[in-house]
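One structure coming up, written as structure tokens, with questions to follow.
Chain naming follows the written order as A, B, C, D, E and F, and within any one chain the residues start at number 1.
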Amino acid sequence: MLVEFGGTRVLCTASVTEGVPRWRKGSGLGWVTAEYAMLPRATNTRSDRESVKGRVGGRTHEISRLIGRSLRASIDLKALGENSIVLDCDVLQADGGTRTAAITGAYVALHDAVGWLAARKSLAGKPEKVMHRSVAAVSVGVIAGEARLDLCYEEDVAAEVDMNVVCTGAGDFVEVQGTGEAGVFARDQLDALLDLAVAGCAELAEAQRKALA
Amino acid sequence: MLVEFGGTRVLCTASVTEGVPRWRKGSGLGWVTAEYAMLPRATNTRSDRESVKGRVGGRTHEISRLIGRSLRASIDLKALGENSIVLDCDVLQADGGTRTAAITGAYVALHDAVGWLAARKSLAGKPEKVMHRSVAAVSVGVIAGEARLDLCYEEDVAAEVDMNVVCTGAGDFVEVQGTGEAGVFARDQLDALLDLAVAGCAELAEAQRKALA
Amino acid sequence: MLVEFGGTRVLCTASVTEGVPRWRKGSGLGWVTAEYAMLPRATNTRSDRESVKGRVGGRTHEISRLIGRSLRASIDLKALGENSIVLDCDVLQADGGTRTAAITGAYVALHDAVGWLAARKSLAGKPEKVMHRSVAAVSVGVIAGEARLDLCYEEDVAAEVDMNVVCTGAGDFVEVQGTGEAGVFARDQLDALLDLAVAGCAELAEAQRKALA
Amino acid sequence: MLVEFGGTRVLCTASVTEGVPRWRKGSGLGWVTAEYAMLPRATNTRSDRESVKGRVGGRTHEISRLIGRSLRASIDLKALGENSIVLDCDVLQADGGTRTAAITGAYVALHDAVGWLAARKSLAGKPEKVMHRSVAAVSVGVIAGEARLDLCYEEDVAAEVDMNVVCTGAGDFVEVQGTGEAGVFARDQLDALLDLAVAGCAELAEAQRKALA
Amino acid sequence: MLVEFGGTRVLCTASVTEGVPRWRKGSGLGWVTAEYAMLPRATNTRSDRESVKGRVGGRTHEISRLIGRSLRASIDLKALGENSIVLDCDVLQADGGTRTAAITGAYVALHDAVGWLAARKSLAGKPEKVMHRSVAAVSVGVIAGEARLDLCYEEDVAAEVDMNVVCTGAGDFVEVQGTGEAGVFARDQLDALLDLAVAGCAELAEAQRKALA
Amino acid sequence: MLVEFGGTRVLCTASVTEGVPRWRKGSGLGWVTAEYAMLPRATNTRSDRESVKGRVGGRTHEISRLIGRSLRASIDLKALGENSIVLDCDVLQADGGTRTAAITGAYVALHDAVGWLAARKSLAGKPEKVMHRSVAAVSVGVIAGEARLDLCYEEDVAAEVDMNVVCTGAGDFVEVQGTGEAGVFARDQLDALLDLAVAGCAELAEAQRKALA
């Protein structure tokens, strides 16, 4: 599925394989992992391909791990049974918030993949128990002293504080990552950002429900 | 730009940089190169990312080189002047003929990039002399003894002979690559394939003219 | 310098080079970066060397970037002038909290390096302005529903929520990274963890002041 | 065996292993693959070793794949049975036409290897059915408007069109690869090149028959 | 264990795994291998990490192989049985003679590991037969025409001849490696160096006996 | 030049470049380095290409470094001036003693290259001063308790002690590397091996003189 948030477009797909990696065999648990990448011309200035450079960069690694962790929070790996799902999030066009768009879109792709497994009767648990929580993510930031939701690329560069928040549909936190890019932040700023993020995630959870209905 | 041929969708972009690689500096000549890649889920079965494997595969290398060579035939590198253009061809969905779709689409992207350079007055020669030939490509093959144009994935797998042909708008050949995948082929079969390919390329050249008008 | 927290021992060193990487030349700004690594037998079970595997893993990349970002918050890169400092954090023995120990120790090593540059009169700004904030970090987590400071390895594995917090000596936040490893967390849990972390960092800031005195 | 064509010298060897790669096990089919490489000083100017650069270049990959494909056309993989043969083609000295010399020489090495397997009674089919076609290859080109056979390095560089043709002993095509290096080519030029190539391959097929007798 | 010789400090650890690499399975023989590495700031000038460069350098490879070979001379691999031991030698601080210090320390670590296996009754032979020889190593050199034992870094750089000698506790040679770094050496110089080395190794053997008692 | 010793055949070439690597510029000194490699089928059992594996193995690195060190002992780098010479030693066929054959052959190739530079008047010093010593190398070993010169592959495998010795034409040592492959060795055995090696090198020095005359 193609997720669009402002100028950001991310292609999210889920690929199912029967069985799990060797280190997990016989555990009765499934596995969900993610790979994030950007096309070289997703940004305004072309960046070199990581395949050509021969190594995956630190930023790519970090985001792939974040997406995988976030999505594993949405699924009961025991009920999934020994199946593996790879979530590919490829950024076709980037204008801020690519990692949070990827998480939000990957949840829908993962839900579809679980539905496909349910139709094939390949799940270990009851289908409705497998996806036990929805997850969605937003980026928030402080610009000129003010808390803001969904920064575009130009705002992101200008932000004093930059925060990515992953929430469940019930409003709990899965992951909170805040960085003082160009400075530090006080507790009340952090609180304002968290309020904004929780509200933003609630809207996305609603949109996900509609998309899956 | 996004090229679509049947079930095949390729995103072709051109990125311009002033200057040329070090080995070409001072030559007065520009440089055009191409990079081809497939998203992991472009095909029906997910394939591993080359960035994760840490090396670009032989097939990817081979196709990138073919696209680069074909497009260099369309442009007068002296009139381009010391500018570099990278053509990125990323296959979002693959159903046969991805390399020929990439060449056909990359021509349009290259033409646009040259137009952009012309508008900035950054070309060494007259704008109308830079793109001195159009190029387009088709795949043809022999299936059950019969010559066929534009094979989809299933036909491609079944083909006894598989051929990629790159032609100019004037009907000359830029590149001819024919392989007896599951057998060998006689001279008359080769002739029939070439006739079919030349006609197919002529249609594409017409479509390119319209797209650029 | 060798930092010890419980069973965790990290060797932190700062290496100074005159000049900055090419992309930063002429900016008048210095550069601080960090590299984190674990000896193969730092943990109870030997892990393969990343040099032998031929690539730096995602976790290593992620932690190196976190350390670099955190330490750059402590230093005025303009006052540093065009000098580069690499912070090497090598874990000799790991028992939880290696990344936060590395940040806390690297701050002292960085401070020493700046002192050395001051003695050589190689700083662009006034020595006392270069290290404009102290930074220290702690790990906190929720175990059996209760917020806890400085998790050892066994606690870390058992934690439902795991959070790393980097604070300045003045009590502001530099970085907040919380993950629901085995579940999700509510706002009040997050608040309790942040309180604990801020208090922990204040103690470390005091210890750093003594070590540098 | 050492193949010499003009100033080009290629060492071609075939190495037999019992069994096939994992993905082919149980298919009853054998496997033939090829690896092409140049010694660093095969050319007049030393080129860096690919082992030192840590990656096989695009040209090397492309030629290795061409040799493998061409030789698989000469052998009945079912009659070969589950045996693997690697064809190593190492260029000691290069003066044009290294890939076509490699194919022509590798055919003789492959034939010998099959003879060795026959002597050990390790073939699945009748020995005389395994090598069901001979293959040989030539390079042809257009220089100063004229079709020419077996270009040496200097001619190759000067050629307007460069074509490699692989034929069977019966005169059918296995592979046709023509490139307008410095221009494009018309249908009648292509026809003249193909005529020349077919005649050249026929001579080589005769030479192969003698070498194997 | 941490070995210190003058300004050189090497951390030597032994890690035991049941079973042996695939190529050795069923042989009844154990396997001992070593990995040597330097922390980036072990020397006075920081060197780049091999993990970041993506490849293990020639010098590192060479020393790792030397340590492995030397230690295998001390152990009866049949009596060890199908167990694998990896010896990690990480140089924390380097001031000459790091490879010989590593060998001397790794012997003690290996002895301890064998003791641990003996306590678990996991050895194939009698415990006292497994470590059938002690090994220790020294570096010797010629400086200003004179033979010298245990060169520190500055002496090592100035040495005309540089030699590493590995001896058993009984005074036999396991390995002799002499290099005329800045010149060549005559037979009588070689003899003087060997005498000095044998005496130095005897002292180390005595120290090892005490450390293990 | 092609060196043959028994069943061992090594192709040794010297490639000259004007100038030296960056770290040596302005020193007035030249540079000599060596690269050793084996064709995959040089041995009886095919070994994988290091280019395909993506990394140069430890043994290859070690031998390349030994050859480079040995040859640098034969040349006055100041008299060479700022020129670089790469010695490529490619083993076409291996039957023991490949590294010593490579050193002996590379000396002749290096001498020729210096002659070529002399003819072009590109040396910094007097031509006759550049190659100030000849070097040659032999392998010796102990088999069944007896010292032996020039071990072939089968003897090499069976040897209890294996030693490579590099000598100058004047009978001094450049490098001595002795290993107790399957055991240890006493001082008198070492002495016997050195005697044998010195005599063997003297014969090679004579052969080199003839080849160059």
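The rule is short, and it goes like this: contacts are C-beta pairs under 8 Å (C-beta built on N, C-alpha and C of every residue); 3 or more make two chains touch, one makes a residue touch a chain.
All of these numbers come straight from a predicted model, not from anything done at the bench.
Novice: According to the touch definition, list the chains common to the neighbour sets of chain B and chain C.
Specialist: A
Novice: Count the smallest number of chain-to-chain hops linking chain A with chain C, moving only between touching chains.
Specialist: 1
Novice: Tell me which chains count as touching both chain B and chain E.
Specialist: Per touch definition, common to chain B and chain E: zero chains.
Novice: Note whether the interface between chain C and chain E is symmetric in residue numbering, meaning over half of all numbers used appear on both sides, and answer same or different.
Specialist: Looking at both copies, the contact residues mostly coincide.
Novice: Given a C-alpha superposition of chain C onto chain F, how large is the rotation in degrees, taken in steps of 5?
Specialist: The best-fit rotation has an angle of 120 degrees.
Novice: What whole-Å value do you get for the distance between chain A and chain B if each is reduced to the mean of its CA atoms?
Specialist: Roughly 34 Å, centre to centre.
Novice: Let me have the rounded angstrom distance from the C-alpha centre of chain A over to the C-alpha centre of chain E, please.
Specialist: 49
Novice: Between chain C and chain D, what is the gap in Å from one C-alpha centre to the other?
Specialist: Comparing mean C-alpha positions, chain D is 57 Å from chain C.
Novice: Which residues belonging to chain C are in contact with no fewer than two other chains?
Specialist: Correct list: 54-56.
Novice: Report the topology of the inter-chain touch graph, choosing from line, ring, star, complete and other.
Specialist: ring
Novice: Name the ring's chains in order, please, starting from chain A and stepping to chain B first.
Specialist: A, B, D, F, E, C
Novice: Could you list, by residue number, the parts of chain B that touch chain D in their complex?
Specialist: It comes out as residues 55-59, 61-62, 64-65, 69, 73, 133, 163, 168, 172-180, 183-187, 190, 194, 198.
Novice: Tell me, which parts of chain E touch chain C in their complex?
Specialist: That would be residues 11, 13, 15, 35, 37, 39-41, 46, 49-56, 60, 86, 88, 90, 92 of chain E.
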